[in-house]
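What follows are several structures.
One chain, subunit A, appears in both complexes that follow, with subunit B as partner in the first and subunit C in the second.
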Partner chain A sequence: MSLRDHIDGLEADRDTASGIDREKAVAIVIFLVPGLTLFGIFSVGPIVYSAVGSFFSWDGFSMESFVGLDNWIRTFADPLIIHWDNIARWRFPMGALTQNLLWVVLHVPISTLLGLGMAVLFADLKGRRILRSMVFLGFTTPTIIIGLVLMFIYDPQAGIFNELLRVIGLEGSVRNWTQSPQVAIYALIAGGIWVQTGFNMLLYSSALAAIDPSVIESAKVDGAGRWRRFWDIVWPLVRPVTAVVVIMGIIWVMRVFDIVYAAGGSAGGPNHSYSVLGIEVYRAAFEPPIDYGKAMVVALIQLVIVAPLALYIARMD
Partner chain B sequence: MTNDEPHTSREPTAKSDGGATEQYIPLDAVPESAPRPDLDWGTRIAAAVPSMPRLLKYAIAIAVAVLWIVPFLGLFMASFRPLGEILAGWWHVEGMTITFENYRRAWSYQTAPMGRALFNTLVVTVPAVLVVMLLGAMAAYPFARFEFPLKTMLFFFILLVMAAPPELVAMGNYNTLREIGLFDSYMGLILVHIGWGLGWVVLFLRNYLLGIPEELEEAARIDGASRYQIFRTIILPLSTPALVSVAVIQFTWVWNAFFFPLVFMRSPELYLAPQVLPLMTGRIQVEWGLVAAGSVMTMAVPVFLFLMLERYYKQGMVAAVTD
Partner chain C sequence: MTQVSMENVSKYFDDGETVANYRLNLEVEEGEFLVFLGPSGCGKTTALRLIAGLEEPSEGAIYFDGQRVDRWSPSDRNVAMVFQNYALYPHMSVAENVAYPLKIQGVPPDDRDQRIEEVLRFLHIEAQASKSPAELSGGQRQRVALARAIVREPSVFLLDEPLSNLDAKLRQEMRSELKRLQDELEITTIYVTHNQEEAMSMADRVVVMNRGTIRQIAPPEELYSRPRTEWVARFIGSPPMNLLRGTRQNGSIAFGEAGSVDIGETTVGGLETVPRGDVSLGVRPEDISIATERPASTTAIAGTVDTVEPLGEYTVVNVAVGDQIVNAKVPTTSVERDDPVYLTFDDADAYLYDENGELLT
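Showing the complex of A and B:
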């Protein structure tokens, strides 16, 4: 578009500004207002409220006076959020933030690799739709049921996991996995991986479907081995999806609540041994003694960790 | 086209020419009868049967997929069996007793009957989905087509809400609902779900609308259609696939949600189904049959919906996170 055209365009706009643009502006407002009102009241508003409220002292549910960083300092010094002594000795409970980050460190890489592996494995099989749906089933199930199913699997009597241990001769390890403070978190992370792998596989499958099979065929003809074909053809195409998979995984894990609640109630397990940030928010906000200031700080920590990642995804395209 | 670079391409050109002429056999050399298959049945069958590595691949794939649903298989089996048999291991199938007792007890569970809870869940989910679809489509239209002030800022808020954990809005919404008297009511929870879902729905539908050419709308404008008529008669019908995706995903999300009902529904007669399930675990011995029956009833709806509208669900899921 030349400069001349641009100026013409501006002039054309100005000619119609009084008539058509008014009508257009009214239409835009009518389309936007109902949705944005609800969005503002029930989503943006509460977030702003929490951001502001984290700097105030609270009496129950009502805001009192400005206290600066008081809530923030108090929260970071709280052993329920970060328990330095136990981290040094690697004993649970290590604090909800530490445990939540441990969850990220284990859950995200493993579920990403499993998702990619399954997508590649199923890619050219007959009946792949059924296989994929079987793996994806967990992701459509309410997560509270996932938590209950995990308790069922790890039950000392009725649980199939303990039966498996008995069969392979590890009777000494049979226990109620979700109630044993030092191992329960790993048992639950395994459950999280079980669910999220299906979602990751779905994203990878749709990326793999975009690869032209003839390219792979011709690479085969040219004598490229399995690994070479993967790194040179498949990987460059699935790499952008990997960023999405990893970031969605982190968002999912930083929000994890239902699974932990099902297994350990609002305490997050015996002696809070596998509590996560979401659980701490719930307990601080809705169980006496009510501490809205802390609840808001913890929820903001959750947001601060994932917000840059979400903005990064949005910037990618 | 090969004339420009004679040294590099002379050889291949010559070869392919030779190959091309050899494709055609002279007319008198065409045989009278059809060519006989040069493979006997044995080799043909051998070629149709997958090779060893491929068979192995199928075996691994099926084993993995089965492993992934074993926990649900266990849940399903447990829901039809008495507690004694579940404690002895649901994988022992000999002498199995099938009973619907668990379902009957879960349906009329004393604290919060599952029948009532499922009804509550439906009452909350259906309006939360329909309203989000309508308001989301309305708001997405200007986002896709027009420039207006504060557009970038609104975008930023939408992304912020999509990244935020539900816990972050719980405190503010708790106070708001108390203030306006909608705490512990269907309407309150519905409003929270609508406000929470609108962010991703607007973004998702806007991306979809960007892919629809504008010419149709321009033509309709010239014919004198108003912007509302265009929205109703062109935009909504054209975005049907995206709206179906929104409906399935939002339905699953609202139906499966546990945290919002836990915070906003406090009277047992208003409990939603996911909320009732952890109450069923009891204190001393977990009633696995009861929990399993309740879980199967609760998950049946989203799973059925997923299987029916699998294509929309998957496409929507992929588009929602990758666009």
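Showing the complex of A and C:
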């Protein structure tokens, strides 16, 4: 071995010592390529494509000329997206964006509270496994099926909901719930809550199970009653789960489609009275007259609302 | 200061399938330090939880100062409890943890702060007041749990294996500290442990439990010097008491090939009243001497050295006597494996147990 080789050897060593490990870096890149490629093609690509496309005019599926903010202005001025007059009078349809936000405002808090309530209620119950499975079943069922089940439940003749109203003497309230513009959206939100509650309950149940039982007993010995134990001990300890539950709820609701489609078709109910953003994207993109620019703008609105929330969840400890 | 008593208290789980406690009878004096001692699963923690009010007895009654309390909640009984894993509220600071029972009692904030400060200083954790439990060491957490328990001046202080999660050195320190605490506060204290050293060193009286029942209640010295059953005799002391099976004949006990011993008087008196039959002769390892020559005294048992375990402070010699092994704890020894030896002891150090394992008196 010559002196030259020896020195080269030393330098190679120093290279590794300073943290540059070329082989390792190459290996990392090779392993990342398949994942990044798929991520690029199916996630980043379409987002960039629609972001760019939303500034162009479209003829069917082909991009024409740059139109600036034209698509955006047209979309926000569209009463199908936001119907200012009806909002002021609180009459449906109020536009898909407004209706979608109404879903958030009602569905998320109610399903969160119901999920927590059921988790707490079932925690010490004997048949808790069966009860939990039954509630969770709603979440495992495909949402399009939930939509169809809702049609049966709310059916004016055979539906059990109307039957229930008749039994309790509210004959006057009997109606075709999914086809009555002013109440249909609430009926559908109730169905959405049924779906989400099971998921929320499951998350809360596991959070409750993670609480050391002796902490609860300690509070009992310290003199805390049932309500105080919940408020002072249980609630603070399950609060991190609440962030997940609420955000997942918002994300789910902002993307809701199948339940609404099953109940009201691509119009989103009579006179679009319970249409949501997902329905508007679908109609603009796939039903004549095709308006690809609008579809892209509406999809981007969904993304702008959902993405920061998703990012927050991804970064949570 | 409160006097606690249990009358025929039993606790069953799973519709009577599991018996956790069976007919416990117990009187705890005001200001007494009582220790429940027993192997794991013996029901000592359940007994403590019954006194705490975390469990309701299936049968029997519990009294605090003569008042029946077994349907009362823990807070109505004004008990404080320290759990094995400390059970600190993870989302509250040390000061908030200690403040919590006072907050529930509705103690005004000024008064509350003063009492918290006092108790934190008393337990040397005032510097940790604003830290969260996760930032504390095991010993500090233990102190916070103690602080939270004593801050509200409970009538009864309950501790469930409070030292078992600490390392050996810290355990020793906390042991004497707990003893000091109890002496100063004079609160009736009930302490659960499976560690006999803890029990013997701290207790005014020890309640030995096994399989859900109380086997003996006695002060530590008495428990050691007069174990009422074979089981207790073997449970207290380390290494445990030797129990040699033999047959009682007139004034002597025969051990087959190993010979026989004449016993005039055991720890508990003469043998005249003892009937013939199978008995166990109990002698503590520390009361046995080893001789290589047959001694003149008649209480000598012949055997062969099996193993010798030098432990520095003392040496344990395991001697084969017939098909049984006898432990002898001696300061030093020159015997080796397979040496023939004679074991001697004073009559006064011997215990006799009948076939049912009861001490013969």
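The definition used in the following text is that the second predicted complex is superposed on the first by the 291 of 317 C-alpha atoms of A that agree within 3 Å, B and C clash if a C-alpha of one lies under 4 Å from a C-alpha of the other, contacts with A are read in each partner's own complex, and residues count from 1 in each chain.
As a convention for this text, a residue touches a chain if its C-beta (ideal position, glycine included) is under 8 Å from a C-beta of that chain, and two chains touch if they have at least 3 such contacts.
Since we're looking at a predicted model, the values are computed, not measured.
In the superposition on chain A, A:L237 makes contact with subunit C only, not with subunit B.
In the superposed model, A:R228 makes contact with subunit C only, not with subunit B.
Comparing subunit B with subunit C, the partner in contact with more residues of subunit A is B. When both complexes are overlaid on chain A, the residue A:A77 reaches neither subunit B nor subunit C. After overlaying the two complexes on the shared chain, residue contacts for A:G198 are found with subunit B alone; subunit C is out of touch.
In the superposed model, A:E217 lies in contact with subunit C only, and not with subunit B. Put simply, subunit A uses no single residue to touch subunit B in one complex and subunit C in the other. Against subunit C, in their complex, subunit A makes its touches with residues 212, 214-215, 217-224, 228, 232-233, 236-237.
Taken in their complex, subunit B has these residues touching subunit A: 57-58, 60-62, 64-66, 68-72, 74-75, 78, 86-87, 89-91, 135-136, 138-139, 141-142, 146, 148, 154, 157-176, 178, 191-192, 194-196, 198-199, 202, 227-228, 231, 252, 255-259, 262-263, 274, 277-278, 281, 286, 288, 291-292, 295, 298-299, 302-303, 306-307, 310, 313-314, 317-318, 321-323.
Residues of subunit C touching subunit A in their complex: 52-54, 73-75, 79-81, 83-85, 87-91, 100-101, 104-105, 148, 152.
Of all residues in subunit A, those touching subunit B in their complex are 23-25, 27-28, 30-32, 34-36, 38-39, 41-47, 49-50, 53, 61, 118, 121-122, 125, 129-131, 133-138, 140-145, 147-153, 155, 157-158, 160, 163, 194, 197-199, 202-203, 206, 241, 244, 248, 251, 254-255, 257-258, 261-262, 265, 277-278, 281-282, 285-286, 292, 295-296, 298-300, 302-303, 306-307, 309-311, 313-314, 317.
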